[in-house]
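You will see two complexes here that share subunit A, one where it goes with subunit B and one where it goes with subunit C.
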Partner chain A sequence: MIPRLSFALCWVMLSLALLFLFTPIVIVVAVSFTESAVFSFPPQGFSLKWYYSIRNADGLLASAWLSAQVAFISTLISLVLGTLCAIAVVRRMVPGGDVIATFMASPLMIPGLVLGIAFLQAARLVGLNDAYTTLLVAHVVLTMPFIMRTVLASLSMFDFSMVDAARMLGCSYPRALWRVLVPNILPGVMSGALFAFIASFDNYPISIFLVDVHTKTLPIQLLNQLEMSPDPTVAATSALLILATVLALIVCDRLVGLKRMTTI
Partner chain B sequence: MNLVATEAARERAASANKRYLDVAAVTKRFGTATVLQDLNISVARSEFISLLGPSGCGKTTLLRLIAGLMKPDGGRIAINGSDLTQVPAHKRNIGVVFQNYALFPHLTVEQNVAFGLEAQRTPKAEIGARVQNALALVRMQAFAERRISALSGGQQQRVAVARALVVKPSLLLLDEPFSALDRKLRETMQIELRHLLRDLEITSIFVTHDQDEALVMSDRIAVMNEGRIEQLGTPDEVYSAPASLHVLEFVGQSTRIGGTADASALNGTASVETPLGKILAPLHDGSGVSGKVVLGVRPECIALGERPDANFNEISAELTDIVFFGSKTALHFQPPGADDRIQVEVARVPSGIAQGVALKLYWPISETMVYPAP
Partner chain C sequence: MTTIEMRTQAEAQPRRRFFQLDTPAIMVLPGIVFMVVAFAIPVLILVADSFRDAGGFSIGGYRKVLGDPYYIGIIWNSLQLGLITTIGSLLIGYPAAFALSRAPARLQVLLFALIFLPLTVSIIVKTFGLAIMMRRDGILNWLLLNVGFIDRPMRLVFTEFALYFGMINVFLPLMILPIYSVMRQLDPRLTDAAASLGAGPVTTFRRVTLPLTMPGVVAGISLVFSISVAAYVTPGLLIGDRFMTMSQVMAKAYLNIRDFNLGASMAVVMLVIAVTIVFTSTYFAEPASRRGRKG
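This part shows the complex of A and B:
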């Protein structure tokens, strides 16, 4: 009786969760194809005009390009610095490695608003007036926890005697790292990088304090757009973002396998 | 090990190159702790030597120093006359089978074995054939395409051996390679590996804390303790003539009886006063012992009953336990006034004995070992 009940409950919970996750996506995608000029569901008719209007909408493409740049560059910087830092921590090359690792992952536990205000004041204090640079620095801090956590997890499961084995078989130390360490931690590193990129790309609470009139990231621009002219252009933009995310997941699956990425 | 094999091992050690691997006055410190102090050991060509000792005795450190994965703080390591002390690990051409095998999970069995050949830039045409040969040696050809995670522990070990041997190393180091296998498989693999390495005539150094493993596999055993080699000898020598109390305790079963030796050793025989009475022991190197001593006897030397003549020691003790092992039975005795129990091994339990009875025991004086008490 009990097992059957819990089994049924399990399915109910799963269905509810799926419903909860998919409904907004379905609605947004559906609305993006509407003919009507208002944001209403169910959509009326079918047209692609809101997709064309993205081009004409004020600053939407520019902000998308900026967000992509900031997300890509900050993830790349975090990837290099975070991986080296994680190796140093796991191999106990520095004293107090655990404290360092916790500190590097701490931005994840601090509310974004607090971080945003802190970055704004810090930037003023050191006289950093360039919004682009400030955004980049803030997003390196923001993406670092994602990289650190996944790389640390991959490294803790990596058996470093494999590096010794590669050396005894004729590989110099750097070459052994490249031939044995890198392929084995790559799935974890890739998943960390993907999450970091997404976290940076859709960040609102930190970025809102650091943008200026000419430098606006996509989430902020979208909200502005929604306030000023609430038409389905926003829905079309969102639908494209969903498509891009799905494509990114498929590419990652082909490269390293989603299963391996999510188990780490 | 039987006498013929011992003789063969001796001959092999004596002939050709006695100092194929030469470790001279090697010292290794970690911070303020000295792990190895002026350690010397020479290994003959195609000899199989075990480094046997408890954990923390420095045996793994010595292995890593020979491999080049660590640098010594002093001393010299040479193979076949060429000094390797300053040569980095990847240029030493030494094969290692690691404790957990350290196989590469992102590669197949075949790719694992080919790894060393590729790293040493062996011509492509040659690699395929050599990999197949190596896999054939360990009977793993059928698994060439498999992933490492799809192999059992014993199969993984075979692959690790093939991977180490395929590059034709000048020396093979084995770091407790059997510790992850269950007992039955371990015994099979020990014999199999021993035969393989003997056929290939490859010089091997084998690190283990398992005395049975060392006795079964080795030409010679180096018993280590606290960074020193306490005894280096054939399994027979190490077992029947332990050089120190530590070696006696570490290798094989034994009964230890404390006592006080009489200062006047009579024609090479020490007379020791113990709680069980007077026990005689031969002194081999002529050096007399006096004061507190520990006597040692192997369980298979002790027999039940009264001694036939004066060439035997005799005591009496109470039988406390009968432990059945199948091929043999161990009888445990608790002698009066002694802490250590006495172990006796018999093939069959004689009729009419039971726990709680006092029995007489005897063993040859020549089989009694005596060491200064620690």
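This part shows the complex of A and C:
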């Protein structure tokens, strides 16, 4: 009796949890289609005008473009630096591999605001005034742990004798890595890169210290807009963001399989 | 065939030697140098800054942060925020993860995806949704009115209820997923065995299920606590200045009042809290047997 009851209770809890998790997301999407400028429930009317108003809203598109650039470039730099480092660590080419791996993944343990303040101080100290460069450097640090963890996990399942075999057959070492290793670990690496991209694209606590008037990332701009003039334009932007995330996840699921993606 | 072999041997020999000498350094150094310059040194500078003000060495920041009741109250607020969010997430997340791990295979994949999806949605977007939910004319008030719990809309936004409701909403998946990943590997026959040996359901849970899923619980607790104690966006939007946390003080110190010494000291205190959580959780995540041997 008790096991059955508690089991049922667990299911109730899971259903409630899902309902709880999805309500805010669904609400944002619903609000983006309303006609009125206030967010009331139940929503009134149906219109796409808030989607059209994104184009005219101050700086929303520009900041989205900036965020995409920063997220893409920083993820790419992390991918190159992190993968090379991870290969050397997994193959035990360097002493202290564990220490290196922990160090490269450690920014994830440090609160975002603390990192942001540290970057701000350091940039001031060396006289780095360019917000774009500072953001980029900071976001490489931010994305590195995601890359390191997934690449290390993928590499630990990779059989390095295949690289040796390729070299014995005449491939140079870099070429062997590119032709044999990269295709094998690509799925795991791609999922790591996706998380890194999302982490960078959504980041608020680090970026807030590094942006200036002309260089604002999307989360900063969104929050600004929310505090200044909250109208459903923000909801429409958010709905598009949700759509993009869902699409990215579906593509990743097709490429890698969501299960494998998240267990790594 | 033979020409290819000869060519590869002739070429591969010297090349291999060259790369074996230099490759490790070429591969490791760029990443490490970058992270030392862009990450380790800035954090060390921040720590050094916390011991310095305009006049040189000073522990004034710490005297303020750790001595002034106002700032101690703020540190306590942050810890309370982390604690309540963690406990709330655990109470919902543990049973939910259990049900998830016992779901039929195909449904499990779908449910898993549904728990995972909200994590990838921007925190600002979710918090925005939560704020709309809790407006006077929002869905929560509408629900409470229609069920009959209240007779007129309540003010929810900018209350502590809104804060914790929102925080648990945002961070719940981070509790469910680690617990689920451990629970999934738990052999259901173990609980059956315990039952057939005469253990009641409560004993089975306490002596078998709970200890075996403990690593997931520890991982979930440390993850949710360390992130929620430092949360900035969600508390800022849902309760604002009514509930000052260390994050708010740090952000204000740097962005508004420009008291860098105060901000740096607060940041170091938060850094210490974060690092403590990581070390404590790695200690507890090890199986008790191994821990005993080591100590």
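Brief remarks on what is shown
Following the convention adopted for this analysis, the second predicted complex is superposed on the first by the 239 of 264 C-alpha atoms of A that agree within 3 Å, B and C clash if a C-alpha of one lies under 4 Å from a C-alpha of the other, contacts with A are read in each partner's own complex, and residues count from 1 in each chain.
By definition in this document, a contact is a pair of C-beta atoms (placed from the backbone, for glycine too) under 8 Å apart; a residue touches a chain by one contact, two chains touch by 3 or more.
All values derive from a computational prediction rather than experimental measurement.
Contact with both subunit B and subunit C is seen for A:167 once the two complexes are overlaid on the shared chain. By the touch criterion defined above, A:24 reaches subunit C but does not reach subunit B. Of the two partner chains placed by superposition, only subunit C is touched by A:119; subunit B is not. Within the superposed three-chain model, A:159 lies in touch with subunit B and out of touch with subunit C [touch as defined at top]. By the document's definition of touching, neither partner reaches A:135: not subunit B, not subunit C. When both complexes are overlaid on chain A, the residue A:104 reaches subunit C alone and has no touch with subunit B. Once the two complexes are overlaid on the shared chain, A:185 sits clear of subunit B and of subunit C alike. Counted by residues of subunit A touched, the larger count belongs to C, out of subunit B and subunit C. Contacts of subunit A with subunit B, set against its contacts with subunit C after fitting on chain A, overlap at residues 167-170, 172-173. Residues 2-3, 6-7, 9-11, 13-14, 16-18, 20-28, 31, 38-42, 81-82, 84-85, 87-89, 93-94, 100, 103-104, 106-107, 109-115, 117-122, 125, 137-138, 140-141, 144, 167-170, 172-173, 198, 201-202, 204-205, 208-209, 219, 222-223, 226, 234-235, 238, 241-242, 245-246, 248-249, 253, 258-259, 262-263 of subunit A touch subunit C in their complex.
Remark: subunit A residues 159, 161-162, 164-173, 175-176, 179-180, 183-184 touch subunit B in the complex.
Residues of subunit B touching subunit A in their complex: 67, 69, 88-96, 98-100, 102-106, 115-116, 119-120, 163-164, 167. Those residues of subunit C that touch subunit A in the shared complex are 4, 7-8, 11-12, 15-16, 19, 23-28, 30-32, 34-35, 38-43, 45-46, 49, 92-93, 95-96, 98-100, 102, 109, 111-118, 120-130, 132-133, 135, 137-139, 142, 169, 172-173, 176-177, 181, 200-202, 226, 229-230, 232-233, 237, 247, 250-251, 254-255, 260, 263-264, 267, 270-271, 274-275, 278.
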